[in-house]
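Shared chain: chain A. Partners: chain B in the first complex, chain C in the second.
The block that comes next holds the complex of A and B.
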């Protein structure tokens, strides 16, 4: 294997000219990350606020009024009164409201004292996550009101044990803060795999790869010439994404910038390596792009721990996530952004990323060498 | 003319299915994704690793903590004996949650309730954190409810009775898998149709098509119909897998589901064709598909509710056919809806389909003319 700086330089120049003349690659490298970050940043939010809830009060009295007022004050609910449970159920099946609070029968001070005041909450369970969050919020409003009611009526305090929660790294539980780092991962996955998958597959398809191979350049020189310029483009996209995450979405960056970029560099290498591998194996733009999308975008979205908790997935799938570079990058970014330089998290994940990068690049190199012969 | 279009359809289907790899790409990945994502895309939180930090170690505190050990949702990872260890355990992601009981817990409990249990949560994933705090609240509420009568204090005034319609155990798989029916169909039809014209342009076969006596309308139809057949085939495949593999209850009207998804596929095929006829190369077509696909999936309500988005973005989602398709699939699957309930989203999908197909035809005529 020969390695000549001169030849590599020439190949890099060729690649740069190609990039400059084809607006698509600049589009993928810089415009796509910015656009995606905008869409994801504004589009993805798991903070359910002002949930429409139907309220049916069968026997209105001061007590029910004060409870409904408590519900109204909560930032999580927007109550709509209904005359009867039938009307409210009708509204829920037309998805006008997401839940129904049904105060039926004896919801009075006497009822409360005897401990059998009926309080039923009916939620629309189709969106299970929102439903579960809603139940939690409701529980909070309910126990807050109980405490307040106990205090004003002079009754003894009703709750023996109280939970005092402290949430580290993201006290207000703003989902945007934890999603912004994840969005960067999706960005970088796409950029890396798409850039290379398309570029190399196109050279095979057009036959220019054969032309390149017939020159004295070595396989590794060709591979590096493909990786170098796109690496630079991808890191540019990374800088844009980080800038937007911090500047626009207010994600705190607690850890250091150089660790962040080191992680990004390793991740980009592994995703460029995967792109190279895909395009060397498939050799047609159509197939390479299909596979790149299937193998990168959706797994990074669903299996990386970006939105869905990996710990809760079934065993075989949890094992499978170890094969995805995105998984390590998500863990790194969430820690670097929100918790800081926690080396016990950072080092193993960096090691895993370097392993994946060398693995993909190694296989890509072997495959393209074999296809030479 | 019918004969000619038929020929085009056969040609298009052959192009997709004759090549072994391309056949695999159309059939394999959607199924693999359905299986993996059907299992993985879950908001259900379980096996939550936690540690207990019991400074008092009394009968009551052990009682309370035992309720967590016995829970299906939590997994005890160890006990902690100092604040230092606590910080480390959370920082290093060894546990998501630490239950901290202070030294005066039982004194407070008997003399001046409420006694406090401190719960320290890793907020790096805010959704998980919110849900597991809900679980903690439930366990403590149960503890309270059983503690009161034991100590001669009247029971809590009312117990909250939550009940969930359509999905009684709140399984998020029931939410995600019907969603995948729309999402995966969208991906496949945009990718196959979106690249088809650009591929023929690059290969030069488009010019060959244009010199035949076929009109642009016939050529467009020759792209739309096979795309539609592939999309509906995909729908059937995923539908069967959802029912027989994932055992998602299907309580609605099958015909309504198919009609809704037919409008949806036509809309996506129209968008795919527009992208395809605008692009000069496959790379540009792919890029265009991406510029459409990623916002379409993110802004559809597939994984996160549309209601949480800023108002402006919510308006934007009305242009997204997937948004309406998801309403149809979920309501038909889980709520048992039929035509009477789900016809409203048919209208915007039909409008998007009509608009995009006419647009595709117009673009195609200009581009090749």
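The block that comes next holds the complex of A and C.
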């Protein structure tokens, strides 16, 4: 490695001017994370609220009235009463309601006592995510109501299965709390891999790389000239995301800031390494950006545990996620944001990230040569 | 250092690609380039010029052979070498989003130019290149010629001892080209720089002190261009005929087997023959009634002769086609009428109220420096860009109201190859025939005609991208002619083409015009303007001159130069207009 401060400085300066003047870099680095956060925070919510549910009560009695009232109180459901199951089913087929709660004729206190108060829940399974959420919420409402009913009536209640579910770390089940860390992952993948691969491919396409290589610059100077500025840009985007997540959406930041910083820096480096690696192989902007999206961005989105739970993926795919740096980073972010400095989680993930960063950067450095071949 | 070679190549070979599809780019090239001189590197497309220059810079490794540049091994000591080398790649690596000054600073830092001397050096270089007042401008907003000059300046900031330039004048207008060469001469004279420059303009090679001729990766000859030119002595003639116009004469002469090259010059045709005299050949070709007088050979003649002997240019430039009779249906009606045509981009007026007209069967050319408004005018006439004001009528259709119906009457060949590279020759033609809405029966007829006329039948099932450049151009032309347009637009059709392919294209253009097709063409090769019936020269959105090639040149005849070239006239016109502005 040979370094000459004047040359590296000149390259950094050049890169900064280009970033400043290129609306796309600023867009991807700063505007996009802010926009994503706003969309995820305000627009899309993965929480289901006031879900329309049809309620059919065969024989109304105080008990059924009490349960329906419990349902109404819950912020997750909006009950619509129907006279018969037939009418309700038709409403569901026209997607007026997402589910039907059917309280059978012998839904009585005695039935409850004996452990067989019959009710059916029919859920529209077209949207599997909502269906699962609804099931969960219903379980919650049901067990809460049972407890309350038992307390007020003073009679013990036998239920066939005692459902007790507790949700840890995000007790309110607010999806925007775990989406903020996710946006940071996506932003860093975009800046690190996509943007870096793109700007280097652009230098090949426009012939500027050939001109650079004909000057006395060294390979390491060219590599560092790309790593430096985009590292700063990526960290800047992260600061914006964290600031917005905490300030605007009130996401908790339980862990410490410096662990967050360290994790982000390592992930960004591995992302940059990936970007550099892609650009040493693909020298057209089109190919480089396609490969960067497929190899880094999509996996970070789908397979990192940011949107879909890794635990519920099929075995082989779960194994595959161990190859993705994003996976470790998402785990780190969720821990730091929602649980705090849990070292048993943080240390192994940090180690995995540093391994990946040095691996990618190392290969990129090895593969880059001062030559057009 | 004068006398000692600055570059010494010994048995350089280089191949690209995998074993099955090996392409030999260079094949045992050995040559020495003298210090303190301007040496030209000349050769047709694909001769290996760029590969050779890249090997000299050390950016590519030769498969075999030794490269010694300024006493260093270019392959092993590339980084040391880079410090005393100025290399300007074909598409020079200017950062378009950096200003002129920022580009200079960057390259000065990279080359390690001493900080103290910089201010003086920058202003000297910028002044020399005529860029002093553009320091704050983004280099992406400079004209093509200015970009090339800035590129040259950037390679000079580090005070190199050897300058390597890869086709620095491609796509640059003649005026900027002259200025660029003037800079090169100054550098050689004042700084004693050694310069090695590749070019596809043969008249530029004539200005060099030494020329290296390359063809298909092999060295053809090395030497003083005047000496090389002398090799064609006795083989160049100027032919005139009382019966035939220059275009018909050209078309006949070009088909005589012993004629290597022919071009229209004024009222006559200049020919280069393979050997001996023209007399016998002319008799054979049935051209009894014309006069032929010997003329002095040029470097380009020797170049074409050398290539001709190597078999290049044979069998590819003489497409079947038939020489046609003189203008069967030139009625003289105006096919293109332009009156007070203007085009604004925002507040900038790219074309300023120009007026001209083109008659049926004319070859009409638009000439002008980069950024003159040529392309804008061209696009408006093709119906690709709506005019801001004024009248533009093509084949009787007003483009402001009926651009789509006008397009059915015109054929357009874009500057870049714009066919489908992965379709075969036939599939491309079928696609365009359908796109133009030809009835099924006519499609087959016209495709058959095009294959015959352009000699494309043997390549029918070849992918378009695999065709040699000359054939790609033929295919592009064939596709544009399938619907028998009245008007054909050709946008810099000869840029980057080698002399043989260019000659063939102009022959075809002449023949199409004789069949009554009206042709509008732009070019940077000013000697090609001689092939046109009339032309206009535009600069800064205004017409500077209009007329036949003879009329354009006439005002610049002097006692010293009784026969000014088109380039001379062009440069003087532009300079005069700038002086007034």
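By our rule, the second predicted complex is superposed on the first by the 313 of 373 C-alpha atoms of A that agree within 3 Å, B and C clash if a C-alpha of one lies under 4 Å from a C-alpha of the other, contacts with A are read in each partner's own complex, and residues count from 1 in each chain.
FYI, a contact is a pair of C-beta atoms (placed from the backbone, for glycine too) under 8 Å apart; a residue touches a chain by one contact, two chains touch by 3 or more.
Predicted, not measured: the structure shown is a model, and the values here were computed from it.
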Which superposed partner A:93 touches (first chain B, second chain C, both, neither): first
First (chain B), second (chain C), both or neither touched by A:22: both
First, second, both or neither for A:202, with chain B first and chain C second: first
Which of chain B and chain C A:84 touches, first, second, both or neither: neither
Touching partner for A:307 - first (chain B), second (chain C), both, neither: first
Which superposed partner A:256 touches (first chain B, second chain C, both, neither): neither
Residue contacts with chain A in the superposition, chain B compared against chain C: B
Contacts of A:282 with chain B and chain C, given as first, second, both or neither: first
Doubly contacted residues of chain A, that is, touched by chain B and again by chain C: 22
Residue ranges of chain A in contact with chain C within the complex: 4, 6-7, 9-11, 13-14, 17-18, 21-22, 203, 206-218, 370-373
Residues of chain C touching chain A in the complex: 54, 57-61, 78-80, 82-83, 85, 87-98, 102, 105-107, 109-112, 154, 158
Chain B to chain A touching residues, read off their complex: 21-22, 25, 29, 33, 36-37, 39-49, 64, 90-93, 96, 109, 113-131, 133-134, 136-138, 140-141, 143-144, 147-148, 153-168, 170-172, 174-175, 187, 191, 195, 199, 202, 281-284, 286-287, 290-291, 293-295, 297-299, 303-305, 307-310, 313, 330-331, 334-335, 341
Residue numbers on chain A that touch chain B, as the complex places them: 22, 24-25, 27-28, 32, 35-36, 39-40, 42-49, 51, 92-93, 107, 111-133, 135-136, 138-140, 142-143, 146, 156-171, 173-175, 177-178, 190, 194, 198, 202, 282, 284-287, 289-291, 293-294, 297-299, 301-303, 305, 307-309, 311-314, 317, 320-321, 331, 334-335, 338-339, 342, 344-345
